[in-house]
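To start, the structure under review is shown below, and the notes come after it.
A, B, C and D label the chains in the order they appear, each numbered from 1.
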Amino acid sequence: MSQVEEALKKEVAKLFEEETIDLFVGHEPAGVPLKTSACFLSSADEAKRLVWNASCATNLAAYLPQLFKRPGGVKGEWIAPRVGVVAKGCDSRSIVGLIKEKQIPRDRLFVIGVGCEGMIDRHKAAGALGTMGLAEAKIDGSSLQVIGTDGTQKRVELAEVLADSCRECQHRSAVLFDVALSETSVQAPETSRYADVAEFESKSLDERWEFLVSEFSRCIRCYACREACPNCYCQECFADETAPKWLGVTTDLPDVFVFHLGRALHQAGRCVDCGACVAACPQGIDLRLLNQKINKDVEELFGVQSSLSLEEAEALLSFRMEDDQSFMTEP
Amino acid sequence: MTEKKGEKTSGNGWEPRIVAFLCNWCSYAGADLAGVSRIQYPPNVRVIRVPCSGRINPLFVVKALQTGADGVLVSGCHPGDCHYISGNLYARRKFALLKSLLEYVGIEPERVQFSWVSAAEGVRFAEILGKVIEAVRAVGPASKMVKELEEVT
Amino acid sequence: MLEVTLDKSKLQELLKLLGTDRRLVAPVVDKLGTVFSEITDPSLVCLEAVNTNLSPKETVFPQWETLYTFEGNQIDKAELQIEETVLFGVRPCDARAFELLDRVFTWDGVNDPYYLKRREKTLVVALACNAPGEACFCTSVGGSPASESGADVLGFDLGDCLLLRALTDRGKTLLNSVSSLTTAATEEEKKAAQNAASEAEKLLKPVAVPEDLAALKESFDAEMWKELGLKCLGCGVCAYACPTCHCFDITDEARKGAGRRVRSWDTCAFSLFTLHGSGHNPRTTQDERYRQRVLHKFLYCRENFGEAFCVGCGRCVASCPAGLDLRAVLERLASTAKVT
Amino acid sequence: MDPITNPYVPYPVRIDEVTIENDERDLKTFKLVFLDPEHEKAFAYTPGQFAELSVLGKGESPIGIASSPTEEGYLLFTVKKTGVVTGELHSLAEGEVIGVRGPLGKPYPIDRMKGKNVVLVGGGFAFTTLRALTQYMIADGNRSEFGEITVIYGARSPGELLYKEELKAWEARDDLKTIITVDKGDGAWKGREGFVPTVLEEVAPSSKDALMAVCGPPIMIKFTLPVVEKLGFAPSDTILSLEMRMKCGIGKCGRCNIGSKYVCKDGPVFTLEELNALPAEF
């Protein structure tokens, strides 16, 4: 991916030099291995901070809506900045969704599309070391070398430590862009789409419940899933509303369930399975299990995949007279 | 819905409690018609009148389950009959996903049901409600999502 | 000073003994590393990981707890009942955090009965670190891999055995109660413990922590907060993983007049944290909220308690979903007297 | 759970009287009576302090104490209906039982005010603790401890003035200078019209041997402080009372800090000098 990184830096520098953009949102290294952080650049010389590699898992679309809001205290006319952003397949789909939901203006946005071969799930990579912390990691072709805080070294295949979303990803190249730096031909086989959901569906009702209880009993209500999600831009989340109060603020399981079910339902027809929620969760809860279930149902029932184009109507903002109603109760 | 756990699960005496969200223009009138026509339907239901099935936030259903409803019935106008032209058709999509998701997470599918009942269908309303109550009775009192407020320390 | 040695082959027995008539809480393996958990089977205890995924503050300051129950306008008269607990395998940084939390919950002579009761009922057996974790910086914030603050017993992993040092009278009583399993520590073992700790100390990378409080005050208006605020997602991971963050909310949960008043963790990162009933919010932007978190720890707590509320466990660094690195922020704050 | 030993447990109190204060009917004064005389004794307070009013099942709301300890046997709280808890409070009738947790915070520096002239400037609904302070100073036996007392109080309209009957009684006293103003009068209003800062400038109380306390909405404070300064009141002699979102009220929950100061325990009463040393984050 290093050629892409070089091309990206050049492109971004050019965009600033040609005064096409005022601000660029990309990835830069964070303080720990296999982690990057969103960065906000405002000049051509800063382009050297950018990185593009298999740890750029952050869905940058989540950072965009705030940039187009008039800052507090600014009086009179205010012109939104022209913002450039680097987008892999999932980021670009989220951008499509945000444009459709009028959270970001298409005409103030410059999207640099990049193809993606999948991002590393940091927890999986660290998991190769057991309970040891991850001190260092080196990507080396198709494998990854991880070094533990006790000095232990392990080598794992990149494919084994990719995020679950990336394993099942069908849209690796940007679906919306102003310039595309690279595409990728790698694609998950059609058959494996929703494989994780299908496997879960095959369990019994009580097994499913028990499994989710064990997952959700780890939830600490930190809302990292919500805050990392590009779709969760609500001014006030239902989880924070006090009138009506939908749920309590504790980690009592019924409250946790209402939160995660509510969030999953709000994602219906909108989730692009970027995996940001899973990557953000400090407790490793498999939130995809819910979101992908809804994605699967939306696709099977309404024939739509979320946010693939600006033109297609969102699944829950449309209907067909002949939509399935076999689930309804008859006398 | 404040009965304590003990009262709720007591074997033979237990009666399922159903929350019914009924569209003002059809099912609510249907339920009313069933009443005035002296069609017997079980008393286990608490009706919440809504202006349209499209008004029903899926969270209403989730919240009803969390606060202790054993079952939820949502009923609106037949497709094509919506007072607001298409509220029920948008709703139908939400309901399909909600029903599927709840079963997927392990909530018995009997607990959450959806139907179309017109203002003229008093008999149909009574039949559907009866069916829902019996189905919920068969799966027993809800416990999975119910928030209990007993002391925990 | 009572110092005893426990052969590791007897660790299971020790844990079993400690858990008799008491609640035993210790690290176990979970999905992402280790977590503190109530132990019923001592064989599950895992002391290898440097840091648990979340801090053990939950033991003395649970994520949520019932302050009292009520019915109508009657508050339950029953007093709080807390089980005797042994918290085993706490890292010295986390143990030190208890000592800091003590100051908040007794501040100005106003005692928090819930925290204090739990604290009083909890014996802390700490375990010194032989190697730092991925984001550790305890020595830069006044701690060390063998810090004794906040613990009743401090253990050293010497390979085949554990050296256990009593730090308080309660710790001494605890060690005496398991004397059937231990032997008096030899001079060699004591020396080995000291060596292990100082070796670990050498491995820690120092972080420049801003010492000049006046300069920190000036940093309130620094530009850097804007960029950090853009990055910060406004979630609660750092605060909830942090052993010293202690902000909380109080809410009522009731149906038909009966219910409970609960307190639960809360964080200054949440946008609604300071929202007034009138709609006014003194911290409307994420940069103000992120700044609050950093300055609360490194400026306001120093002014109020004489010490920064950070023990250098590195959890906020390791678990931040936005990749924010407190160490880097501190370096930036320290690098210039007046940060711009 | 004993309210005397556990700072999170409220004292039970009975609502003895509810007074609707304004035309909009969103301000009510609750007269509260302790159920247990021991609790009343434990609740020793000074004007300027506040308490958490507690409605079990809804929550708590921090409200300034509007009564003065010289008014024995009851507490007064004037509450604006803004949210869940205050909304519920407004729906309660006389005879019902709620909770009071406190007294909380630091009061007005009454010892510093003794022997001095005192100027109180209040606006709108924030007048409550200034009412408490005024009542305290003019109470039998206390009045001689203070010099001249000037009270300037304004509201948006005549119907929005709090404690209307009491204000009349104050105006009739000759040991108290009471100036009432409204932003805009109605047909029946015979009194003064004008914003509080303007009126303060007109009245121009001397800053010599005097302390000034100002309470009001942020916009009033903003325009009043320059006048206060012009009149010669030093920041250390200018006293303000702040509002901040609070939960615990006892300096633990971390919600109400401004820099290193916690409004709940270090305030809500601060001198302007103290506030000037804090970050502008309130």
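List of remarks:
As a convention for this text, a contact is a pair of C-beta atoms (placed from the backbone, for glycine too) under 8 Å apart; a residue touches a chain by one contact, two chains touch by 3 or more.
If you're wondering where the values come from, they're calculated on a predicted model, not measured in any experiment.
Chains touching both subunit A and subunit B: C. Contact tally for A-D versus C-D: the pair with more C-beta pairs in contact is C-D.
Each chain gets one centre point, the mean of its Cα atoms, and the points for subunit B and subunit D are 50 Å apart. Centroids of subunit C and subunit D (each the mean of its C-alpha atoms) stand 39 Å apart.
Measuring from the averaged C-alpha position of subunit A to that of subunit C gives a distance of 31 Å. In subunit B, the residues touching two or more other chains are 147.
Across the assembly, subunit C contributes 76, 80, 249, 251, 253-254, 258-259, 266 as residues in contact with two or more other chains.
Residue positions of subunit D touching 2 or more other chains: 83. By the document's touch criterion, interfaces exist between A-B, A-C, A-D, B-C, C-D. Residues 67-68, 70, 72-73, 75-80, 104-105, 107-108, 110-114, 217, 220, 246-252, 254, 257-259, 261, 263, 266, 268, 273-278, 280, 282-283, 288, 292, 295-296, 299-301, 303-304 of subunit C are the ones that touch subunit D when the two sit in their complex. Taken together, the subunit A residues at the contact with subunit B in this complex read 200-201, 205-210, 212, 238, 246-248, 252, 254-255, 257-258, 261-262, 264-265, 268, 290, 293-294, 297-298, 301-302, 315-317, 319, 321, 323-325, 327-331. Of all residues in subunit D, only 83-84 touch subunit A in the complex they form.
Looking at the complex, you find that subunit C touches subunit B at residues 65-66, 69, 76, 80-81, 253-256, 258-260.
The residues of subunit A lying in touch with subunit D in their complex are 242-243.
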